[in-house]
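Here's the structure, in structure tokens; my notes come after.
In order of appearance the chains are A, B and C, and numbering begins at 1 in each one.
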Amino acid sequence: MPWVSRGLAIWCKDLRIEFRTRYAYSALLMFAFTTLVAVSFAVGGVVLDAGLAAALLWVILFFAAMAGLSRTFVQEEEAGTVTALKLAARPEPVFIGKYLFNVTLLFSLAVLVVPLFLVLIHQTVAYPFPFLAVVLLGVAGLAGASTIVAAIVARAGTRGPLMTVLAFPILLPLLLGAICGTRTCFAGERAVAADILFLFCYNGAALAVSLLLFPYVWDE
Amino acid sequence: MQTKVVLKKLTKAYGRRRLFADISVTIPGRSVFVLHGPNGAGKTTLLRIICGLVPATSGEVEITVDGKLLAREESREHIGLVSPELELYGELSAVENLEFFAGVRGLPFSPAKARDLLTFVGLAGRGRDLVGTYSSGMKQRLKYAYALLHEPQILVLDEPTSNLDETGVAVVAEIIRRQKDRGIVIMATNEPGEVSYGDQTLALGQPGTGHLVQGPAH
Amino acid sequence: MFWQILLGIWMTAVILASFLYMPATQGLGQTGRIIVYHVPAAWLAVLAYLMSMLNAVGYLRRGELRLDRQARINAELGTVFCLLATVTGAIWSRAAWGWYWNWDPRQTSIAVLLVIYAAYFVQRSAVSDQDRRARLSAVYSVLSFLTVPFLVFVVPRVYTSLHPDVINLEQGGFDMDRKMLVVFLAALAGFTGLYAWMYKLVTRLEALLDKMEEKRGEAESVG
């Protein structure tokens, strides 16, 4: 699988650069923390309804993702390295590398933010393992569908709110599914398997479609 | 070992403004092709079209390597580009840059090979420094290492000696000489000394058309 | 000219029939008459958006700017009809349920459609180079269209529907009267004709504007 091994080379390169600059990660983390603290202040000591807590968690993760995930393509574009990369790599490995990088970034964010959220909002989890699955799949889906949107935004040559505007409709089914699944896991009211399956299918479809469409964004 | 680049009626227009039109050239193997002309004549754009980075408005670029006509995706494996618009990763060291580009091209990489290449372009001993700390001339030298890493048949140079000192210019002359023995050099420059390398030269800038001139016989 | 006149007469007849010939529906009362306008508008929105997406796919395959323009025109027409369907739906919702908006699944999905195409137009306006704009918006169009099946699945899980289902004829309760069906189908045909005519008009207008621009460009380069 040359696509995967070359994609991994791009993933390693991005991780190495990110490790040295911490630009995207600090943007993600700061955004998530500020929103989390703001929400927690606003809520105070009140215990939230499971549906509301689930929605808040995903709103925080969504906006944090929007703040940080476009960085990976915009940086290549701004630094002028995009030409060097384009000449060296086919679009598919580039997509795979960037996708893996974004997934890694969001995973490492979720590992910190989700437990903190549960503690600050006083939320108990009725189904811990399904909850883990919902978070993992939801985060992977967020990163997956955002990656191609990030590429579009970088090519469009504009900064600012375009990322959120373009990503929102595409991520909406995922967010609704993840909120629905998280609510179930918090409250423990019914089976969660259908939600997990839904998230899994969304991930698969987003990945397949992105791989198919990405060459049109990357090459001109 | 037949290698050639054929430009067929290439035209590039931005909206209604035509940059150049109907450029048709055959660049045979073992030759140097030079583009020159005033700023804004479309030299860089033409090079980018040849590299497959920008689509032409009409016309085609046909690249044949070893007698085989290449599809556009394949051509990037045989092209090395040095250009002011191309940058390498400033957060990585020179060796890490080369390691990454070897990896992404699916080529084997050894530190010894990187060292040889860096020594050749005059960056011996600086391979472990971050590229972000390099001077612009050193960055230019590193771009040659990037372009030659996969031993391409076609070397495309945009302003080959910009930011380079005398030894750098000599290295570039050596690179062009070696590349000519192996394949094709296509370059855009306005330095009179470099224009004279050309087996064929093309002057861009006359509205709508270009002049093709056969260079000194060789 | 013949077709336009025919369309005019046809639509007038449909409008008159929707108030005079068509009976008030059981269950929905007088408000049910809106079906003659609301459903065809929604149908055309879906049709135009579908055409827009197909144009986008065609552009990606063949790279003709003409297809990009068609995709844009279809998206614009789709948005016009989508807004009409949203507004008529909200009016009816107010009369039947008491609120203009209550995140019924149908309302949610139509809102999402509007958001998708709002984003589509924002994206178009953000890119100035026409080839790049065509390419990026085509990719976005296909990408967003493929989220629709997921929405269809997930939205009813989150919200429960009160929307009357006309397709489900056997269930009874809310059934379609024969006279009503005739008017409804006539309206559907009339609206589709309207869409075809509007599409042709806009395409012709754009082609003329293009030609004018070209003439002006030539005049400038000569003068």
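Please note the rule applied: contacts are C-beta pairs under 8 Å (C-beta built on N, C-alpha and C of every residue); 3 or more make two chains touch, one makes a residue touch a chain.
These figures come from a predicted structure and were not determined experimentally.
Of all the chains shown, the one with its CA centroid nearest the global CA centroid is A.
In this assembly, B is the chain whose CA centroid lies farthest from the centroid of chain A.
Chain centres here are Cα averages; for chain B and chain C they lie 50 Å apart. The mean-CA centres of chain A and chain B are about 38 angstrom from one another, to the nearest whole unit. Distance between chain centres (mean CA atoms), chain A to chain C: 32 Å.
Counting only residues that touch two or more partner chains, chain A has 220.
Residues of chain B found to touch two or more other chains are 55. Among the residues of chain C, those touching two or more other chains are numbered 131. Per the touch definition, chain C reaches chain A in the complex via residues 60, 112, 115-116, 118-119, 122-123, 126-127, 131-132, 135-136, 138-140, 142-144, 146-147, 150-151, 153-155, 157-158.
Per the touch definition, chain C reaches chain B in the complex via residues 129-131, 213-214, 217. Every residue of chain B that touches chain A in the complex is listed here, in rising order: 51-55, 73, 76, 79, 81, 83, 85-92, 96, 100-101, 103-106, 146.
The part of chain A that touches chain B in the complex is made up of residues 2, 5-6, 9-10, 12-13, 16-17, 20-21, 79-81, 83-90, 93, 219-220.
Residues of chain B that touch chain C in their complex: 14-16, 55.
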